[in-house]
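Letters A, B and C mark the chains in the order given here, with residues in each chain numbered from 1 onward.
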């Protein structure tokens, strides 16, 4: 169906396949998910009608979760305030992408030297963002997000990007004050670009490919974070980096879903994730000890959706909305990080338990920007 | 049409029914509203075509308001800067929901005791959110929003939720520092959950049901505000609570519109409201006296849309973007409250008159997040 | 097709025509743009299929830019981090609108007198917002945005609006503390409204027509900025005013595209622009000298989309999120200006080069909210 490929935002086809994919990820409620999944194969048949009947029942009762298929929800489950994420054995999308790997959110330690040589490659790779989903990623160093870089105000970063992909790419560090025309220029396959910069301001900064159209390059995965420490370090803490990005995907070709520029322009993502995998920190939480100060470097690379960052059961003692250690506000439940921005969120984990961290803009957050912070005794 | 029920985001059906409903609420301009309403019944007929002609005329001239049907607008009308809200007698949606009732925006007084016992019920009720519209609400205590709770930093809140609904529910207070796994756990029908918390930070906080999927439970009406006063009270003021929420609705069944999870995921609401009723404070304004300090506790429960809060004809002397009495900025026309966040907006009403307060993100605000502050001599 | 006119958000027709128009503006990548453009004329034909084949190839490889038609991208091009804007000779939309004219972003100088008499007209005009696109604008003084007004805290502005358009209009200055019922009232064609105000707070404020429905009047172009200087002037700087607005357009009638209220309610704009022309400052950049302090007065009139303001290759030394000279944060990469809000962004241009300034919410920014700041030696 050539028309299907082009008319990507057609509500009918897109919404069905979107919900089917959500269902595969466990991001929709069972009753609705199965009803909708049944609609993705084209014309209705008898079996579809039967399932759809169940779906209609759900809709009539506000589409409430149907207990049947997976049994009554356990109200004591630690995941009960999250979305369902009971990933089963996958039979699809095997191959080059390899097994699913969690992205470690732990922030790298402060830099030990005042000068760093960084050499990264722009690479197109198939990347498994969930047990079921492989995307045709454009990346720095083969991952979404790319490596987290950490340095200190005034340090020297000697950076080189080598492009191993047919498409021209570049690197835009938000922590650099530098001429983009030269430093952030695109290079063709096999070429490299090098530049040196010295961050003037502390904070949680984004980096991304800045090649035209930027929306496409950010949206396809060429994103990451650079943490810049102030001259005097912030208070000791357990530190984590959360890079929020959106996924806008086309139908799978040989088990790999391409990124879809038209859907990026439509601004309704299929998934929203912290560190490139929807819901990854539900099944494998972030862990700290009671009494720890916890510091989240939250970078929203977008391309479009803000991150209304919130930790369920906690408030932030401090949010640095500008460069730390100044520019702080206190006693905050939720604050919006703009697309292309970064902020630092701190709390002291005085209470043990299991605390979901979310994008509280739940129309987006429910699509995967939900994780779990476990505070152990 | 089973297909219609499932394919809820199909542009054609949804947009038409959406606009028809907007029209019923008086939220669209007359010429366009009637033309669009005529399209909601299926295939066009002669009468439809005639009306549609008028609509096309409006479109050709930028869809400007047609003076005809309701007469020339009165440019001196106090509602002229608002949307039209000339609710007529309704003939639909009678019955269990009872008559339309305005939600009193007045903030409850500061707590008189340092310990409060609160016992609320999770209930599903038909709720009339406008003279014409009844929704199948999931609620705390039968209303959207639920009751406003008010206490002081360090107070003790002994809270119990009893679930009277078939769907598991829970309670997540953003002002509580507590283990969500235990305190915010879901309970089945007939069960209760109790916990005690003591707010550490002052501010305007959200509460909501945190049961999975959270988007569905917030989106269906299980929302409200908890105000936490600082140890030393803020300056005396006329205080109001505005909880912004979005409505995503399906077609009415027996006069009651269910909430629609698929539309929630689509993030384009049918209505946006302060305190659960689109446009309620246009017809029954909030009233203060000239010279009063006016304090708005603005809580945006979303689920998704930020609130760009603004008062027409005024500027905010103070916006507390974090916990009061610190974390204040001054001389502000508009500030975004994130979904799942809350901020406190203050002005001194030195000028008498009629001041619309709005979500200035008007693509959303025009759908009902508009009210009127009357400053009397 | 009457149905087409009404069913404006039908995904199929709207998305195609949307992308066709984007393509005309040079805002989409060549391979995809041509494939999509070919779909806007109705049923596919052989030529379409051939082009679509190219498009599919692009999609299979993540819709990457096809080098063919316009040659290999020059990675050293100063526009490489921007979107393509190679406007050719236009053959459409000639006539009353006149030639395309850049909107000068230079802020007007500080007011020399403490009292200003301002007399503006509300006018409907065809306005060329790009070499190819003419819109049926509603304006103040014939332009989008209207003139920038500048004054000082405590100054007296004696304002008169005369309406020369069939639709009732009004003026809402966000810098005025005044009764909207009287001052911001609508006037019919041939009538005038006058009022006097004295700004209490410094900052970058929006103004707009406040007539009902406000969404339509803001969305059709009746917008602009008023800069209010603090009593003691801010540090000397090269100053620019950027008013971000969105365009929601219908199909052209006699070469002129009307604004589309239904699409405004849909909140997915066709274009997003600084000062009313998508991408205008790419081809004709804003220019300063190395060492200059650069001050952007960023006003987001919306109607809906926030502006995640960012300068590529720079950080903001100061962002005034409230009234200057207080309410400042420092060391900021990106900050969201709410719809209906304004903030002041400052940087010292210590590095020469070519720095794109953008709405970093790129799903929107890519539609035209991209310009170029050239820092000359």
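A few remarks follow.
The working rule: a contact is a pair of C-beta atoms (placed from the backbone, for glycine too) under 8 Å apart; a residue touches a chain by one contact, two chains touch by 3 or more.
Source: prediction; values computed, not measured.
The chains in contact with chain B as well as with chain C are A.
Between the two copies, chain A and chain B, the Cα superposition rotates by 120°, quoted to the nearest 5. For the self-contact between chain A and chain C, the two sides draw on mostly distinct residue numbers; the shared fraction is below half. In whole angstrom, the spacing between the mean C-alpha positions of chain A and chain C is 29. Shown for chain C are the residues that touch two or more other chains, namely 11-12, 306, 336. By the touch criterion stated above, chain B contacts chain A in their complex at residues 2-3, 5-12, 14, 124, 136, 138, 166-168, 170, 172, 174-188, 191, 200-203, 205-206, 210-216, 218-220, 250, 253, 258-262, 264-267, 302-304, 306, 321-323, 326-327, 336, 338-342. Residues of chain B touching chain C in their complex: 11-12, 15-16, 19, 22, 28-29, 32, 35-36, 39, 44, 49, 52-53, 55-56, 59-65, 72-73, 75-76, 78-84, 268, 306, 308, 310, 312-315, 319, 329-336, 350-356, 358, 360-367.
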